[in-house]
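Just so it is clear, A, B, C, D, E, F, G and H label the chains in written order, and each chain counts residues from 1 on its own.
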């Protein structure tokens, strides 16, 4: 660990982002745990402000549990995404206080409650009921990052008055995640109405020419509303981390 | 020519769609002209209500002029689309009264003015300035079919108030052609606002992930507003013919 | 609700489209029901002439039932499409008079029989037996819209005499939905024979280079018969709504 | 050269396919000419019944001339396809008797007229005028192979009566090449009408969703008329060679 | 039935293609059976030389059985392809003499043994063991068409000596079906060695960049060996019908 | 203009974002200028903090100049992107103080210098020299938005020490635009090193499997570093506006 | 068997690659075993240094066992890849000493232990835990080829320090297989750090725009680090054989 | 520069790879030259054994010359690929001894002749004359790396005897680059015949379904001959560097 990194840790103590005991643990412990099938990156929280997150797809339940154990052993909070029902059950029986998100396929286990990011409020807007699993994954990740947020569900543009009547929620948001499948046009409309950062998430909702979310993805990438940025199809997690990056940059220095 | 076809022709005289002299020419003449490189289908007007249209792309200027001559020889009006500048010049010098559409690359030569379709008014709406060539092709085809129409240009959804302030034009239309590139979301918004038939035309405006109009095409096909139908990319001509089919069906019988 | 909207409602009463009691209910009630996971748009019928339709794919059976209940509570008819067998069973046990379409995966629940659209007759034509689920979805949606229609099944172009011997059915139709998989050539042939509006629906029938319906979709979009419009793959519902838009436009004003 | 190969040559003399002097030249000469940038395969005619053909695309004019010289030096006929205007000019000035096909971009130089394949007549059918370059390439290749053939131009399915009135030409053909762009449906209709071998050639005619011929290619591959086989987009040459293979197989043994 | 069609039938009697009794049945009976969900085309055998074939995919077992019954009722042989295990069982229990092809998913039911096509011998060559289902479908279809054939299995180009040692089988074939997955290169090698008509069938064998057979399909379409024609992915049936067309053309007139 | 909008304008005066004279002009003038071929949206600056930007591609030089005139007439600054050389010349000769960006194909014309966004510093990082046009477009847009920024050029991951030695520039940035073609891996590396918001822009640099930027686009969308967001291929403009949204959100309220 | 081949065998004895008894068996036995559904190529080991490998996908368990038996009957070692659980069980019960690789779906049965390739050490590096099945397939194939190797797991570029701290393993490797899904950027980083041959294997890990491994595949093909070569998606087997080719070439002659 | 790097340089002196004066220059000079538009990586030769290579596409002629100057200033050899004719002329006039490769679009400028890699001989094999530009780029890069090699041109599989008669060239090669367009099958055949490392390069030769080289690319990736590795389309440079990596690994230690 370099001097600069130690300095950064101490500054995190000074600013209240990390507790002294957390820093102490980091100074004492190696930067990673090598589990043979995985190398857990404990330094990530210091670097990026969030612990390493477990991507559950393709991992055996026992692997997921072992990685969770390694993270908790370092006093960090666990967030696991795309966790199948078997692995969810394994985590739930091992860690009774685990918070299971069945719709969004997430699991959170808190060593300590995440500190809330002050003076920042996000919004998640989605076009239809079938986008809810992605919304849930995004919402749980925002919770893990301590970001408060509003949710607007089923306000797609086929009945655009539903969106307009909820404009105040959009206008007070410091960042907006817009989730939509089909033709993925909702971010264009939202982006034309408000000036906040917009993170668009295409979903694999739809069929035929929708091509498993590619129609929405291409639509969002070519949005005529400028300054829209886009995540991978169904990637509610990534959108939340993008919001976390924005919130963190915002709090770094007094404006 | 079967009895039924002759009957249809006579009924066209009765209803005023065709002039007696036109019918006489048809009764006297073969159903097609074989030019060796093309077989001109003179029966098409009786069958579909519009003469055969010359698709200019890939045809030599001399071929375009020869086909036009064959159509005019039968007393029918000429419409040519996707006509390159050389062929446009060839037609203009051969037929001084030809109406040249440089932006939309069309040429019309009228044996007689098309009779106007009564009690029918269409609208063409486009998202941006760069969609104009497609709008022009559509507009000229509607003129060839005798369909009156309004035009709204550059009312894309990034500044959605521009569309809303023009809502009355949409509400009085009996059919609406919506032309848009980029993410192609305009038909979804229009389709959610008014109940008229919507014919959506994706344009090859945009770049990168727009993939030469495929983003707009896929977006329109997967529109969350129901009952939207779609034409090929940049096919303003086809959209106008679709409107012609709707107008013709409407006038067939008293309501 | 604006003056214009109230005026529109009253005109709907005058023209017989809506009953006075229906209008009264609308004047008394909010425009939408917010179910937290869905916002049901009750204004859609006034705007588009059809109530909101439930898209069943990706929705839990309980969600489908709850949305149906919200629609029925406002005196509107329910149409649900792409309803899985579980959700179909849930609706059938909750609403014994529900009309279940197992082949087309639809459910209709009528508060009142839809009023028949006068002087309008559609046709659905399909290329093969395996296109029937899409035909069924289209047919049930036409029924929900009160549109009478004929059906021609298995008249693909490999044995083109089967189509020709049924030409009178096509010729009397005011609008034709053409459903086909494989190379999707049937709309081109139909569109070359009759002048009615043609709505083409590609189906995911076929394999290999058929690419889950994309061969048919591309074929229909590039049809050499002009004025064909196209819906998403397997979207029998959308095609029926497109016909509904045509029928509605037709009846709006005396010809 | 093996005994079997020599025997085959002698049998070719006996059957009249090759002249004795041709066989003598082959017996005396090596099987190939190595030009450093190309290895000309002189054995191909004995093996496949046609000399090696020069694919002109991407070759410098001087390379094309040199390969032609090597083929003529062995007493074989030259056919070059996809020859650019510069290389066509180079061949024409070097070999005054060269037969230049400007539309189809072919060049033929005959050491001796190809012997006509007896009792065999092919047909080339195309959907539109813009398919003519592909038809020309096919036609010139058939001429190089000594195969007599009829041509039907611009008989696409949008005016299907044009095809039906020419049915006798199709019915007398021993093999039919069907050339079409756009949605590529013509082979399906022809294949449903006659029992002859059908070789379908998609063309890059069309735009937008036509995707440079891919719509036609996919349409032909998924044809609902069975037993259609398909060549590469714009490959009129390959289709002609396929017909040559059929003609040759046919003449091999008495029926 | 027109005079020309009756004449054709009588000529079929004269040439021995059809028996007098078969013609009589045709003269007495309608050209098609309308089963509501299917229109069985009984005229197809007279036109194309093979009865209509049942495409089993997406059809309910009861539908498959009903269509088979309609064909048998007219004295024609049944061939069904892509028949799932349930429908195979239904046919087997209804028609005990049905010939079930479990690997190729085919069923044949013979009203009478197909007459063998004289003086014609085909070959089926495949690259690997996993191509066998497609080979089987092709082989059964050839049997239904009365075409004798050899089979070469697992002679892919990674061990090219396996192919060369079997060259005599290829050299005596009047037409060759070449079946291959992965990169689909086998037809190029075979096409460079022998002059017979080559029908290439890509298979969905392979993974990753193989893209469910598209790599093989594209490879075959762009083969550097000229005159190769291609069928849809996994379409062993279509390849056999293409061979049938070649065999039929060959026998039509004395050489 | 609603009361809320007027209030917003007055608050903009209070906060110094807009000058009183600018507000006065807005209060006096309509929200848009209709040029027949374009509807210029003057309200956009109040809504989104940036005036409407001219997208030059596909617009005639005269159209570009006319739109610029309409914007300047309202006292707003002009930014035009993707301006061809002809249109650049037209703007330069009309407005001598126009700032021409030849590499990035931009033009800026300032009514007044943009006010600098306080306490915010961005960075643009690119992988190679050939990415410079996209970097330039991004840089000019940031300048138009008053955002100060650093630039790192040619620090791709093939020589990763070049990036590491410039880490301090990345660490002080409040938002980072990462521009890369080829495999587009640079954002993943940057995103793993620093916590700032990352906006990734794929470029069409590369060839073959790079597929005009699609390899980079897909790579960035599937980045293993979390929280990366992505713009359209070559969309340096959009990335800058996304940074503008972040900067604006940051300055909205005291932290 | 030609003189050259016999000479090659004798030289293999001289160099110790093959034992005399192995050569004797080869001299006595035919080059292949024809199992009707498969032709086992026994000559492959002499030609390429490895026996034929059984590709298990799409083969029935009984077919896999029969091919294994044919290989063992010739005294050669068996390696089977992509073996489903049923076929793995069949092999395990038939050959108790079979080495089953459940994660990588491989089976090895050794007639004799493979001789270790001297002075050669490979490395397998993978980006994440979910890449392990591909790593396992590669590792087992290297074992079958007698190639010693190190393994580094879960060292993806989102936490690039994990890779750097393991640099010595990479630096001592004579060839490196790099396995990665998602954006597939790991080979670019490794290829920029060390000079050894790099064989990159994209995996189907990821979702959405990852497109079943195509994002990683395209990323690796367009890598900005030069000299990277690429295998098919998930093809750990092929990568190992590529390393085997490198190792074999290295040992052929003294340096 | 770390101790390890200095040690490596000194070992390079000891082994003769670098001259003492070269090492001195490196010790004295910074690791990179920052040209503002490019950062030239001088350390690359020490790391990878080849100096940084200039990728000419998209670079202005003046940029190419400036980078070349920076490399030569450090006593390293220049190789530039994909250099347009203007930039080639600029280099030729600045550096009269520049070796211009017009066909392969390369330029080499030698500070000193590259030392030849002992005991290593490569081969480049290509399928057709039109593949020559890629062969030339590969050949010039091998020359820059001091690797002797043979070339076989126009030995594609349509006349496979041309390849077999040149087998000895393949058999003596330590590594083989196989270049092919169209269906890209040549590497499969070569890979089945010899055991050397095979680097396959697809070319954009072909048309239609060839899809600018994608058919060849997919074919090579799915080759049934195992252990083939693949480079990007038209990437002759990358293939040569892959061979360089193999040659370098081979010479690292005595076998």
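Simple rule for what comes next: a residue touches a chain if its C-beta (ideal position, glycine included) is under 8 Å from a C-beta of that chain, and two chains touch if they have at least 3 such contacts.
Source: prediction; values computed, not measured.
Most remote from chain C, judged by the distance between CA-atom centroids, is H. Spacing of chain D relative to chain H, judged by their CA centroids, is 39 angstrom.
Here the spacing of chain E and chain F, counted between their Cα centres, is 60 Å. With centres set at the average Cα position, the gap from chain D to chain G is 44 Å. Annotation for chain H: residues touching 2 or more other chains are 128, 158-159, 192-193, 208-210, 214, 217, 221-222, 226, 232-233. Applying the touch definition to all chain combinations yields A-B, A-C, A-F, A-G, B-C, B-D, B-F, C-D, C-E, D-E, D-H, E-G, E-H, F-G, F-H, G-H. On chain B, the positions that touch chain A within their shared complex are 127-128, 156-160, 182-185, 188-189, 191-193, 206, 208-211, 214-226.
The part of chain G that touches chain E in the complex is made up of residues 31-32, 36-39, 41, 43-44, 52, 55, 57-59, 63, 67, 202, 204, 212-214, 217, 232-235. For chain C in complex with chain B, the residues that touch the partner chain are 47-50, 53, 118-119, 174-175, 192-199, 217, 221-222, 226-233, 237-242, 244-246, 248-255. Chain contact summary for the complex, chain C toward chain E: residues 128-130, 132, 153-155, 158-159, 161-162, 205, 207-210.
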